[in-house]
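The same subunit A turns up in both complexes below, where it pairs with subunit B and then with subunit C.
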Partner chain A sequence: MATESPEQFDQVDWNDLSRSGRFDLSINSIGMLVTALPLALLGVYDWRFVGDRTATFEFVGLDRTLETVDFLFIFTLLLAFWYLVLPLYQNPRRTRYYWKEFKRNRPAVVSLGWLGIVFVGGIVGPLVMNAPQQELLIAYQPPVFTSVVDTTPATCVGEVINGRCHGTWQHPLGTTNAGRDVFTMIVYGMTISMQIAFITTTIVATVGITFGTLSAYAGGWVDEIMMRFTDIILSFPTFLMFLLILYIYGAGLGMFIVVFSLFAWGGTARYVRSKSLSISEEEFIKSSRISGASTYQVIRGHVVPNVASSIITQLTLLIPGFLLYEAQLAFLGIGDSTVPSWGQLIAAGRSDLSFAPWIVLAPGIVLFLTILAFNFLGDALLDALNPEAEAENA
Partner chain B sequence: MGFGRYVTARVLWAGVVSLVITTITFLLLSAAPNPDVQQATTQAALQGGDPAAAAERARELRGLDEPLYVRYFDFIQGVYTLDWGWSSSRSQPVLEAVVGALYYTAQYSIPWTILTVILGPLVGVYSAANMYSWRDHAATGFAFFGYAIPNFFFGIILLLIFGVWLEVIPVVYNTDVAVFSVENVVQLAIPVFVLVTGSIGALMRVSRNESAEFQNSDFMKTAKAKGVSPLRAYAYHVMRPTLVPVSTTLVGQLLALFLGSSLLVEVVFGIPGLGRLTFEALLSQDTNLVLGTTLFFTFVAVVGNLIEDLVFTVLDPRISYDDR
Partner chain C sequence: MTEPLLSVRDLKKHYPIRKGIFNRQVGAARAVDGISFDIERGETLGLVGESGCGKSTAASSVIRLEEPTAGEVVFNGNGRENATRNADGTHPNDVTAFDDEELKAFRRGAQMVFQDPSSSFDPRMSIGNAVGELLKIHGMSDRYRRRAIVEDLLERVGLSGNDFDRYPHEFSGGQKQRIALARALVLNPDLIIADEPVSALDVSIQAEILSLIDDLQEEFGLSLLFISHDMSVIRQICDRVAVMYLGEIVEIGPVGEIFTDPQHPYTEALLSSIPTPDPRASVGGIELKGTVPSPTNPPSGCRFHTRCHRVIQPEGVDVDQDDWRGLLNFRESVATGRVDIEQVRESLTAGGEEPTDRAIQAELREEFDIGDSIGDEDLEEAFTESVRLLLDGNAERAGQFLEERVTTPCAQTVPERTVHSPDHESACLRHEGRASAEPNPADD
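And then the complex of A and B:
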């Protein structure tokens, strides 16, 4: 419903706008269904018919495999496209307004640019770059524009001047102790970070919004029980519980994402509950009720959309925590060692820190910048989406 | 509901929460294969014995053949009577190991907490008082820096600069020095600094934003018109209302750091505190010790949340007990 020219109230064809039933789908939902269905079928196919060691795309001759986490990631990407990017395109006027508000915060624009790089790098990178290979001969190559004593690398790829090995563009950020290219590993780490960011956010948002609105609308003792349950979730020491689960069962990246997101929605649910309570007191809710909207229609059409836009900030600020936890676990050597995350790279370079600091510095700085960018972005989104808070935060 | 009843209800609730978490821990543990039993089985198989019989014996020895509810009540009783079992990797009671490690954790946690609590709101209010000046921007930049840089990464870098290159601080933590000595201050300075930068950022932001609201309030204008000195005006009229919302952020922040990052900082700096105890127990598959340290951290979290709620209601009389 792109409204380029202002519509006149008496010319609106209400039959077009009113939805006849609750199963009357919007273009977004149709698109979501059409794209998610093949993915689900592929998932089932991968799960039931493809052997553990066979690549998913064996049947078309591609040697690429998809893990459970990858399927979830693609699913959340589809969700983000149909329900976040497309609505922004459908409402150009509102998008322009948000952008105008957002643009005023310069660090946030830079942050958005950086996160865009990480996002695109994470999605495109693994498709166009080969996974970093172990090549012991070229271990400890310094980054480009720097040099180390030529005894540090086994053989120097670049030129040796005055007994110092100089870095080359072949390995712009140097190589690790196993001769893996640091830049490639960082690009591969972007995928992991984006997977963590997207999947956890989706789970937290889904559970948090559902739980919060249900609790607000149920009221009475149901509300009481649900909120006390949220209290328990909130005071749960997730990091330690994850250590315990890791100790007992062992855990990969998927388990990490599930455990951390299932214990992170407490704050979101609380916020959604109080927000939906205050929204349900608004005049427009009353008027839609008088017009005969059912509770489901009110929640689906008015409460959830209003709440969703205001929890975006909170979700943005949750992501850095997850990235940090993943890096911490990897650093401790108890993370998922099969995934090439930034934390794994930091952990790998730690023992060589005194003579090959780039192995730790490069992924550490990238991690730092990403966390910083999410924080700036959250701050700016708060101002853009919620003009009332501006007075405090400007 | 009166204050007394509110406190009682809240304390009882904290008890319930701790019980729930303990129960979940128990269920997690009982659903998993016990490493001790597995060890016994492997040993029997290696020595040519009967693995099944050995497993049976090991289970009997540890009381695992009892029905689930009996073990559950035993477990709960053990947890709440502080009978946390024997740590096989350290050859000492779990409680003793935890208390011993706490001694080292406290040495950096106490200065860290005090510094954060004092500096955070002070810098935040100061930055609000000089809003949009270069001081404010510097403070904001510092807050974001400290908030965003991973503690363990920052720790490694500082250790590299000051420990390895400049050789100002010892690279390995020395447990022999006295608590109140210059050496101890020197070796704990960097860990404390790392933790303070990590925890102070959020606090500074919250107190800056909250106090900005009170700067232009009517009571501030009145105070200024009456000729109250700026110091007194800020200390009495801005700081106090600011501290209420700040206090809620504070406990949450400190707890999150205490539970997560202190482990990393201890591993990086080699401090033999609680975090490292947990980590080493995990590595050496010492179930009792893992359980003991996990439960200890859990209780700290529960008690911390309890204190936060109570302090909040005491500080802000406007909060009605029924809403919470």
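And then the complex of A and C:
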């Protein structure tokens, strides 16, 4: 035939179609599997075959090591890429629409830019910058464009004019009491902050959505038990629990993330449950059921996407809480002192506040801006993703 | 005789009402209470009735979106033709007894269009994917093939193939209803159940969608169960009509006969509600008073007797029909304690009248549309006596008294189905005595 006319719906022989559709993976899932598999293998290799003090990439001659938290972080990054960024690219229409709505909120756009910087800094920074080294000789260098009394730093790296030591571009944000470069430490702290943000969000979202939808769909006494368990989680004194774990196992950053996010999903689960209940009454759920979809397909295909877009806001607002919590614990001296988080930096500069305020101020301002940015972002996302608003504007 | 595509027999859907700590069932809302009808291949059956009469519940029970309480739904399409009954009397094509596998196959044979176009699409799914989802669920894993089929189908329902990637909020209500039709069609079903598909649309759009439905039906030989509360829409599109009242079908017949020669008083009332384009024509005609009774406790006898304008007078009574209706309404109100003499008195005083017993009686007559004198001594006396009892503050006694004295056969006997002409049946006591319904041949 010269021209091939498209196949029409009434020409499909359904008895002919096999049930091969069961394992019909989307490009996203294939990508996720392909990229997560090497990570998992590397994780197993690191765990079983590499000695505690040997670097993970010893076998290719690189002196880099990956902690458990790093593995989790990379995994969540992969998740975010395949299931968040790629779908945005795959659905340009919807992305444009969201962007149009999002753009209206100027502070949110600025916030997004700032968070982009923190994100890129957190990922790339540690790769291109050397970890801050202890150099007692150059302790208490002032930030660039400022000066302190000559006696504060041990030796002044910059010029000394009229008995005052001036900052230099070598240490744009000055140095700490141990002579570590504050700017480098802040960049390293970005990694920690992003790790906290991504991993907690993933854990909270996974547990919350699973628990909420299951509870809504199971109904009856299963629902009752699950929701009462959620009440327990919500009222659980997480801080005491963390202290307990701290005294038994010692509290690393990974422990902090896991403990706090495992006790933070209560609100999300509740919200997801009520949202699922209201969504399951919608006619599009009925029409999906009538098309022959199984309950799993209905939940996976319609309930979760609709719930997810409305909890993104809630999750975005959850992250600042974690960042603050980490900083508070660090300030109290019960954080993970082996990681260069902003909170640790603030805690380190606490005693020198009177004569070297930049050690506290620089990370403090960065922390403040980041938390502010997450709050603005959450607000704007609520407006951009709200399906009700879409319907009204239509 | 060829078998019908869909044959519904005595379908019931009761919603249990539970109370107390132990969730004991204390009653049931009988949303659908024993309906039976057939749909032939290529035929459109209209299901009409007021809101709350169980039309939508009937639809979702037929298609097993909800589990019916009792009854049988035999679906003979989708390659299940010419099945014979099993030895134990069950039918192999009974939808209510399908297992998961059969049910999934049944979904390819029967689909549904919903009322509200704005909520019948997932706001986060492009409409192409929403239509193609059905193909995917039924095992078509080739996304390019799905896309080709859906694009072609979108063009057939009057949209463009480029609309595949657009989202529901980008379409108007009429366009969404076209997409809903495409979604119902995409699996090439034999039967489509349309639950008020045009009620949410403008009149001009309604006409477009109706003619689209008509065209599609003709092209693909679809059978339709068309649910609506709008008689004029029914007249446009249906071959046969079933009129539902409070969970029961009161009249069923070809659309021409129902519209020219309605047999059941309820059908008459529905028909008189169609507005006519002639400004000089008198408006309406029959006004149904009162609300639809609750399906948890439907009236005895004929369920329509509480509102029927042709309610039968007992043997030996022959009064004005309006007075009779008014008297029955009065009886009902007194029995349920809704007549408040004090209030009548107050409103009379407020209107500057002396609230004498006489004035009150006149006021009650006016309120219930009862003439100055009822043309029957017994009834007249019963009325005045009950008003006297009410004035004495003895409402309970008045109710009992009226229930003894004012009775109608409609409240006592459940009407049988009467056949008026082949295919035209109704259930009204006034037709009793004519040839009663022969056992339905399909009901073997």
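Going forward, the second predicted complex is superposed on the first by the 363 of 394 C-alpha atoms of A that agree within 3 Å, B and C clash if a C-alpha of one lies under 4 Å from a C-alpha of the other, contacts with A are read in each partner's own complex, and residues count from 1 in each chain.
The rule is short, and it goes like this: a contact is a pair of C-beta atoms (placed from the backbone, for glycine too) under 8 Å apart; a residue touches a chain by one contact, two chains touch by 3 or more.
Remember, predicted model here, so these are calculated numbers, not experimental data.
By the touch criterion defined above, A:91 lies against subunit C but remains apart from subunit B after alignment on the C-alpha atoms of chain A.
In the superposed model, A:327 lies in contact with subunit B only, and not with subunit C. Using the contact criterion defined above for the overlaid structures, shared-chain residue A:282 touches subunit C, although it does not reach subunit B.
In the superposition on chain A, A:130 makes contact with neither subunit B nor subunit C. In the superposed model, A:293 makes contact with subunit C only, not with subunit B.
The residues of subunit A shared by its contacts with subunit B and with subunit C are 391, 393.
Of all residues in subunit A, only 6-10, 12, 14-15, 17-21, 24, 91, 93-94, 97, 282-284, 286-293, 297, 301-302, 305-306, 309, 387, 390-391, 393-394 touch subunit C in the complex they form. Subunit B contributes residues 13, 17, 20-21, 24-25, 28-29, 31-32, 144-145, 147-150, 152-153, 156-157, 160, 164, 209-210, 212-213, 259-261, 263-264, 267, 278-279, 282, 285, 290, 294, 297-298, 301-302, 305 to its touches with subunit A in the complex. Of all the residues in subunit A, the ones that touch subunit B in their complex are 228, 231-232, 234-237, 239-241, 243-249, 320, 324-325, 327-328, 331-332, 334, 346, 350, 353-354, 357, 360-361, 364, 367-368, 371-372, 375-376, 391-393.
On the side of subunit C, the complex with subunit A involves touching residues 60, 63, 65, 79, 103-104, 107-108, 111-112, 114-116, 118-126, 130, 133-141, 145, 148-149, 151-153, 165-171, 180, 183, 185-188, 220.
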